[in-house]
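Both of the next two complexes hold chain A, though its partner changes from chain B to chain C.
Showing the complex of A and B:
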């Protein structure tokens, strides 16, 4: 396809998208008005099923199929990262060095870790009652674990982070969502249908399957983000390319003194970094 | 007048987004990017969407900037030992940036 033709195809696509967007937005109620046709129906349906947080009712009950898609996007992204950022044959793994952390930073991070962890679990557990849910809480939980890297060092983080376990749990969370959806089929209704008793409005056990879907997403997101960051951290902290070192070594003898100086200086800086 | 907080939130997002684009060094860009995440979170909160605000806060303030920083660090580590004799000044410059 020539450059000119490609540009025309792009222009056509953009124009089509613009026309469709304008046509779709023309029927919308005005911004900030008092009429909310979709909102009213969503609130009605949410209260019908004893789910206090309407947004959770939309994402995990009325539109749970959309959420399955979103969850799969994250799962696919984590899978892609695991494959792309793996240790290749020409790369070596250096054990991370212990790092010195200034006492105020360590105190703050160690204090914030349990609080953040608790907040994250609270957000997951109360998804059907208050703003939040599995996705938001899952990320908070994953972030909380990484406070250990700030408080101590990478070795401490690695000790509480058996990566295989988190990868398995990530897949289990994704599978749990699909299996919970299949429970709807077994109950004789539809895939992802809310088949459990709805419970009492505004209690932890309300909303039927909504808290269970929330928990599945929470596990998937928390473990997925931990695995994602682990791959990035491994690349940034541990994995070095042996190829590059072999290239650089013979140079050291041939180069002038000043460059050798810079190199040793450089190596010292690297150690201090890690 | 009731729209004032909303306009302030929008202005904050515009300012943070512009700052993010104007900072050219990816390592430094992570910080205005985190601010942009915070500004978007505030805007969603003002638009009465606390669920989205929470997601935005967690992803935009913590996760994305951290991944940017880690990627920059990895790229610098790779660039360093590969440098030839003529790249020595560049290497020193990297070091200075790290110290800051």
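Showing the complex of A and C:
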């Protein structure tokens, strides 16, 4: 299909979708209205189970089966990235070089690292009380570790990041969620049911199994993101292609070069069209 | 304008689709997919909003003292954001491999099959 024809088909499709979306938007309940049947029931259910953060109650109590599916997607995406970005036969691994970091950056990053780590753990631990939880806190914890890469260099990051351990912990986080769910079966109710005592509203030990699910997700997200970023950083820092006369550009793994290439291809394509 | 937030979501979705279909760079295409995805966040949060509502967290407000926004859609958006980030990472990993094997990230130049 030629480029021009393709644009016409696209325009037609987008126009049709736009008309349908506008018609659908007019049929939706008015923005800011007071009728939220699901929301009200979810709030009541959360308060019944002494969970102050109703969003956490929805994620890890009322809809915890759905969350199991979502964290499995996360696990699968991490696994897929690990497989895709492995070192291939025609690639070599170079030891990372020490890098010079300007003193203000180093000072700031080293100062921010422990604070960020603590904030991340706080967010995971207080998921049932205040906004936050395993998903958000896990990302913050993973970010904290990577401040070491900014403050020092890649070798320092590798020293605190035995990747096999994080891969195992990622799987353990996923397994812990399923096993916690199975605890409901052992207690004689349903899979993923909230079987622990609910505790007192607005204290750290409230919400039954919600804090435990939060911790399992926190471990999985933090370790998953560390593994994910490790694979990308390995590609950028350590792995180099040995066979220079391969049809691929030998510098293709450096992002800036690939972008430049793509742009020159773009320019060539446009000229050919006109 | 009570439908404006819904129209913003529709606009984000359409502009993301346009970018995806006309993309000449796979990294740009992955970015466009993220724009499409963020339209669902806007739509869900707009559906759950309530006039004068506050966050559905009862650690500092007494239950029933103020209207709160819908926590169900917020929980959906929360998980969606994390999943979106990791799926974006998976797609970018694919792009890295394509750039290595084919030396280009222009989808139009990736028509030939190679064993």
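Here, the second predicted complex is superposed on the first by the 215 of 274 C-alpha atoms of A that agree within 3 Å, B and C clash if a C-alpha of one lies under 4 Å from a C-alpha of the other, contacts with A are read in each partner's own complex, and residues count from 1 in each chain.
Assume contacts are C-beta pairs under 8 Å (C-beta built on N, C-alpha and C of every residue); 3 or more make two chains touch, one makes a residue touch a chain.
Nothing here was measured: the structure is a model prediction, and the numbers come from that model.
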Touched partner set for A:233, first chain B, second chain C, both or neither: first
With the two complexes superposed on chain A, say which partner A:135 touches: chain B (first), chain C (second), both, or neither. both
Touch check for A:97: first (chain B), second (chain C), both, or neither? neither
Could you say whether A:7 touches chain B, chain C, both of them, or neither, answering first, second, both or neither? second
Once the structures are superposed on A, label A:33 by its partner contacts, choosing first (chain B), second (chain C), both or neither. second
Using the touch definition from the top, say if A:143 reaches chain B (first), chain C (second), both or neither. first
Applying the document's definition of touch, where does A:241 land relative to chain B and chain C: first, second, both, or neither? both
Tell me the contact category for A:123 with respect to chain B and chain C: first, second, both or neither. first
Just checking: does A:21 make contact with chain B only, chain C only, both, or neither of them? Give me first, second, both or neither. second
Doubly contacted chain A residues - partners chain C and chain B: 32, 53, 55-56, 131, 133, 135-136, 139, 225, 228, 232, 235, 241, 247-248, 258-259, 262, 265-266, 269
For a test of understanding, state which residues of chain A touch chain C in their complex under the given definition. 6-7, 10, 14, 17-18, 21-22, 24-26, 28-34, 36, 38-39, 42-43, 46-47, 52-59, 63, 66-67, 70, 73-74, 77-78, 80-81, 84-85, 129-131, 133, 135-136, 139, 201-202, 221, 224-225, 228, 231-232, 235, 241, 247-249, 252-253, 258-259, 261-263, 265-266, 269
Chain B residues touching chain A - in the complex, by the definition given at the top: 3, 50-51, 53-55, 58-59, 62-63, 66-67, 70-71, 73-74, 77-78, 80-85, 88, 91-92, 95, 98
Chain A partner contacts - residues on chain C that touch it in the complex: 2-7, 10, 13-14, 17-18, 21-22, 24-25, 27, 46-51, 55-59, 63, 67-75, 78-83, 85-87, 89-90, 92-94, 96-97, 99-106, 108-109
Chain A residues touching chain B - in the complex, by the definition given at the top: 32, 53, 55-56, 123, 131-133, 135-136, 139-140, 143, 146, 225, 228-229, 232-233, 235-236, 240-241, 244-245, 247-248, 251, 255-256, 258-259, 262, 265-266, 269-270, 273
